[in-house]
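Have a look at these structures, which come just after this line.
First chain A sits with chain B, and in the next complex the same chain sits with chain C.
Let's turn to the complex of A and B:
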């Protein structure tokens, strides 16, 4: 009897162990990332990559793709409010990141580092970069080094320049003159006054460029030409302050007003969305416009169809007084991956580490970044080259690539291949990217990532942006007394405390001496 | 002393309860039909009230609603002390009251016009055409407005330019933006609002109109003395219900239409809550403002109901 009981106990134990292992192996791993290829859908069932991930990490991948921008941030915020965060997810909104730390919803990732030695060595060995995700001595995120930043710039219609016998502008003065010619001298030759010199919108998207207080990304190059791009001026040392305190900031605003008064900008600029802007340059209504390489690639076919012999290319950021020039500011940090505390408590840390290690290099890296070998890409002299497969299917296959990107040249060449006009001309998108990244004097403001949001951040953002728009639209005079009144108004928003907190955070993290 | 004619209070209560139950059983079909509605109210209206306590807490999802720390009226104070509080209240009330006062008459007029029309086909066509915009999303309406009002390519501005006038940027001019908001709302919703009034008109006995016609009443007199009084109940009802939502100035509409140049005249409580509460993840603050709006709405309904009962002889309850 005793022997039988012992045998039963052993059997039950063995069964439990096997079941436990099976349960562990079949555990779901919820991964949520911003859309890597928004133009393509999320992968469906039967995705080969999911099978490979199951083999590599022992977990069933449940992948959710969220939209970029505020909609995606809100989605993560809503999941957090419902205490239903995914196991592993990407986070772009730093306010939310710090809030989740404070609320204890995300776990320190230190214990994962030893479980993925190769990835840690390759990606998480920079003390400075890791400092961007440290809080109270703990590392709360996996800050990827590869940033697909600085892909924006001013594009110009080279064919219009040629037609009007003009040279690409290099200074602010040139810019206004060329913009005026594009507006008034019928550059498309259709006999109608339906073109504008410059098209930009008020946009604060934070992918690829750091949005600053004020008029947003599409006008930062003007503030850059006056030496005050971005929100903060790191160079002032102990006199650290927001750029908008500088007299140069007012001069830059006056230049924007000059563009508005000269009527060389699309008059809908203050109400248009980015999609409206894209429609307009594709329709051939903009002589110069602010765009990213990715955005140009997405609209290239329409542009080519609407503008036979059309030719658009980047120009370098125009130079302003004092020889300043910069297209804007950026963060030298890429994707931020975080792990929810629930996932860590549920013992999913090991599976997450296995997945990330697999995604770091070798077959896993190639699968996530380039897709399935032979189907999505082939190796030509060691360089992954996309096949003729339907682009949407290829892009769907690589929706998880934010787990893998390392910023190598071959990645960029695969993403930004060559675009061909219908008349046989071609343009290398990776060359365009290289141009805008290298020739625009972008300013590294990675430190902005550690600046805490003010409790009334939305009011501060509104006050500054609204005031500047009123100045440039002429709804408010732009003179000494109105500018002083604008500066004085900051006191009512406790702006000085915001500046002080920014300075303290930047000093604490070594960004300010 | 109790007898058959004077039963004891306990016995009387038991009898009344029994009668009530018998009555309920007799009308069980009706009660059954009522049940889904009641369940809906309990689940989606009353149960969330329990969660509204996060308005008084620093909501921590990990700790749950019950265990999040109390902050008293801190979230309310943050809203009341916000830099734009006065402007937000002014904009919200102005836009809301304007939509109510300017938007209601066209719906009444449209309902009366359709009701008075002797051409059935034309009336039905008009009704369909006027309520179709209700089904358009505000994003589509924004596209239509941009096509109409854009200073670069809008139809209206092309017309202005053709007559030698300067183009007007209706969507960025603070002096004109509220008109765009109010009149686009009227254009979109008048047909839909008219349905209720039309239903009230159809409910009026035709014999009243026939008798008035026999007595020689003109069409205007019939409208004034039969149609409008016949609609009064519904007009009061609609007004009271709308007053309950007086601090909802139309989030979707404003959010889609507004832009930085017109924030000073267009930013309303809900858009502020979206930016400060939702986009900055201050959910307790967002709930506090929601609760505040609800209380003001309740107060408005109670006061307006009393006023309506006193002066119009009609009320919601």
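Let's turn to the complex of A and C:
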């Protein structure tokens, strides 16, 4: 009898294993990611990569693109409420991420880690980074490291410097002098006073750098020169506070005002959008401007057409009075992937792990990031180089690349190749990227991600930003009493509680001693 | 005294004209600027009137197969949606406009209730999902097929038609459907065209519903695809190698705006003469 029972148990186990394998082999996997190339459609049926994925992971992939911003969050929220979340999806809104954990909509991903050893070693082995997605001791997300960060910096018109016999600025004082020369000494030689020393806008995008309280990323290098970049001051654990409590923050604000008073900045800076700024530097109106390598690449042709001898390059972050310098802060956290509890309960974990492992390196990585070899790219000295094939098709084929990107040197060289001016000169975009990443003393503030947003976060953001704009535009005097009044105003917004919560969260996650 | 009043009248007329011209300029100049920027070639500065004209931005956009497909989807959704909405709206508004409909007040009240209170996004999504309409065009066509506002405007218009016409038709042996088809609808061209335009504009601009209910990018209508193209242009921070264009990014964006608005701008003049009488007559309670 016992023997029979044992035999039955073995048979059942074997059956389950076979069934489990069969289930894994034929799993329908719904994957939703933000579009890697939003200007191109998602791949449809008959997609060659889908066959490769089926062969590698046994998953019948259904891929959906999700729109960025509030529209995407609303869609995820509605799908969650209807218990219809995709099996594997990307999430950018961390408040929504924690909300879905509390609602029990997403599953702990710990069990997947052993099923994808190479990917885990390469991407999920940092306890600090994994701490960003932990809740009650469980890991609820696959937090990728940043595949591309710190690609911004101050660009300068080298041809204008040469024409005016100037050197690239290295200090804040130099910066003002060069900006003044670019504004007043007709650097483009067209006989008109139509240029500005510096063009930046109030912008809080987080593509590669960390948005913080204040005037936004385009002015962080000034706060960096005073030693107070970013929102929080981690250095002094016991006296932890927001940077804007520091006297140096006021000094940095005074420097911005100095630029405004000297009229060396585009006067529309406080109301312009990033697209306006891009338009202006492409048209040759800015001597120095805050830009990313990708933004420069996108506007390069127009810039070249407008400025036949134009030459733009990065400068290192200028040094401030205390010898501080930093272009800004960044977080070493990229794409956040989560698995729905529904998918895990349906036994799709294995297929998900197989897909991700395949996408991590080797042929899977190359297929998802660059497309089909020989068709979408060729290898030139080991670097994938895109072909002249229809760009839309190539972009459609690589819509899933966020599953694979790893930020390796080879990848960045491939993605940021060489831009050629119409007169034959060329500029290596990957060299520009390497320069701005390495020469700007960027400060890792990944810990900011664990700081819970204040209940009135939007009010706090608006109050700080608007007050600073008033100070630097001269609409409000910048003296002891007005600065104190600005700081007192924070109390009315319960800013102290926000700071206390931030300190507690940073301590709990090991970012603050 | 008379001369003074005339002088005053003339001054008043001048100020009204000046005001209207100002309003016209405020409305028109941004449109002119949008068209102008869309025609700006590489290497030119954006101005109100372009120094050189280039159609490269339009050519670039129309080269994208996704955009042409989306254009077709939008035309299909608009035409089908308007036909369906008009059928349902007329079929509801006409009976409600007849005084002898039993329970008319109650039914009107029920319809009005949905105008003031709605369930919200998630219950709506659940209904659409449970009816198995997700990932089908029915989710976009049936959802909001009848607008309460348009329904009430049309009902009021029907109520204003002289009852004697209907009585005469009935004496001649017409039934209710014949009265509607042969008498009421031919007399209601202004309101039909006006409400039809309202529905067409709503369906043409439909953006969030396709995002919510559809997942196949090939099914997406024009506004969604244009948004993706514009997002791609705006988020140039992750641009990869070989990102080339023959038009400035701003020209591409403005060309996208023109392409979206053009069909509705072309339709409007054809029905403009009915528009005023349609909205006014529908709005006056009989």
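Simple rule for what comes next: the second predicted complex is superposed on the first by the 443 of 513 C-alpha atoms of A that agree within 3 Å, B and C clash if a C-alpha of one lies under 4 Å from a C-alpha of the other, contacts with A are read in each partner's own complex, and residues count from 1 in each chain.
Throughout what follows, a residue touches a chain if its C-beta (ideal position, glycine included) is under 8 Å from a C-beta of that chain, and two chains touch if they have at least 3 such contacts.
The model shown is predicted, which means the values in this text are computed figures rather than measured ones.
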item: Which of chain B and chain C A:82 touches, first, second, both or neither; value: both
item: Partner chain in contact with A:417 - chain B first, chain C second, else both or neither; value: second
item: Chain A residues touched by each partner, larger count belonging to chain B or chain C; value: C
item: Chain B versus chain C as contact partner of A:28, first or second or both or neither; value: neither
item: Chain B versus chain C as contact partner of A:493, first or second or both or neither; value: first
item: Touched partner set for A:51, first chain B, second chain C, both or neither; value: neither
item: A:74 touches, of chain B and chain C: first, second, both or neither?; value: both
item: First, second, both or neither for A:345, with chain B first and chain C second; value: neither
item: Shared contact residues on chain A - chain B and chain C; value: 74, 77, 81-82
item: Footprint of chain B on chain A - complex, ascending; value: 70, 73-74, 77, 80-83, 95-96, 99, 103-105, 196, 202, 266-268, 270-271, 276, 341, 453, 455-459, 461-463, 465-466, 469-470, 473, 475, 492-493
item: Residues of chain A defined as touching chain C within the complex; value: 32, 35-42, 44, 62, 64-65, 67-68, 71, 74-75, 77-79, 81-82, 84, 148, 151-152, 205, 207-208, 274-275, 278-279, 282-283, 292, 294-295, 297-299, 301-302, 305-306, 385-386, 391-392, 414-417, 429
item: Touch list for chain C against partner chain A, complex; value: 42-46, 63-66, 121-122, 125-126, 129, 134, 208, 211-212, 215-218, 220, 224-225, 227-229, 231-246, 248-250, 253
item: Residues on chain B engaged by chain A in the complex (per definition of touch); value: 59-62, 64, 78, 82-84, 146, 150-152, 167, 169, 171-172, 174, 259-261, 263-264, 267, 272, 275-276, 278-281, 283
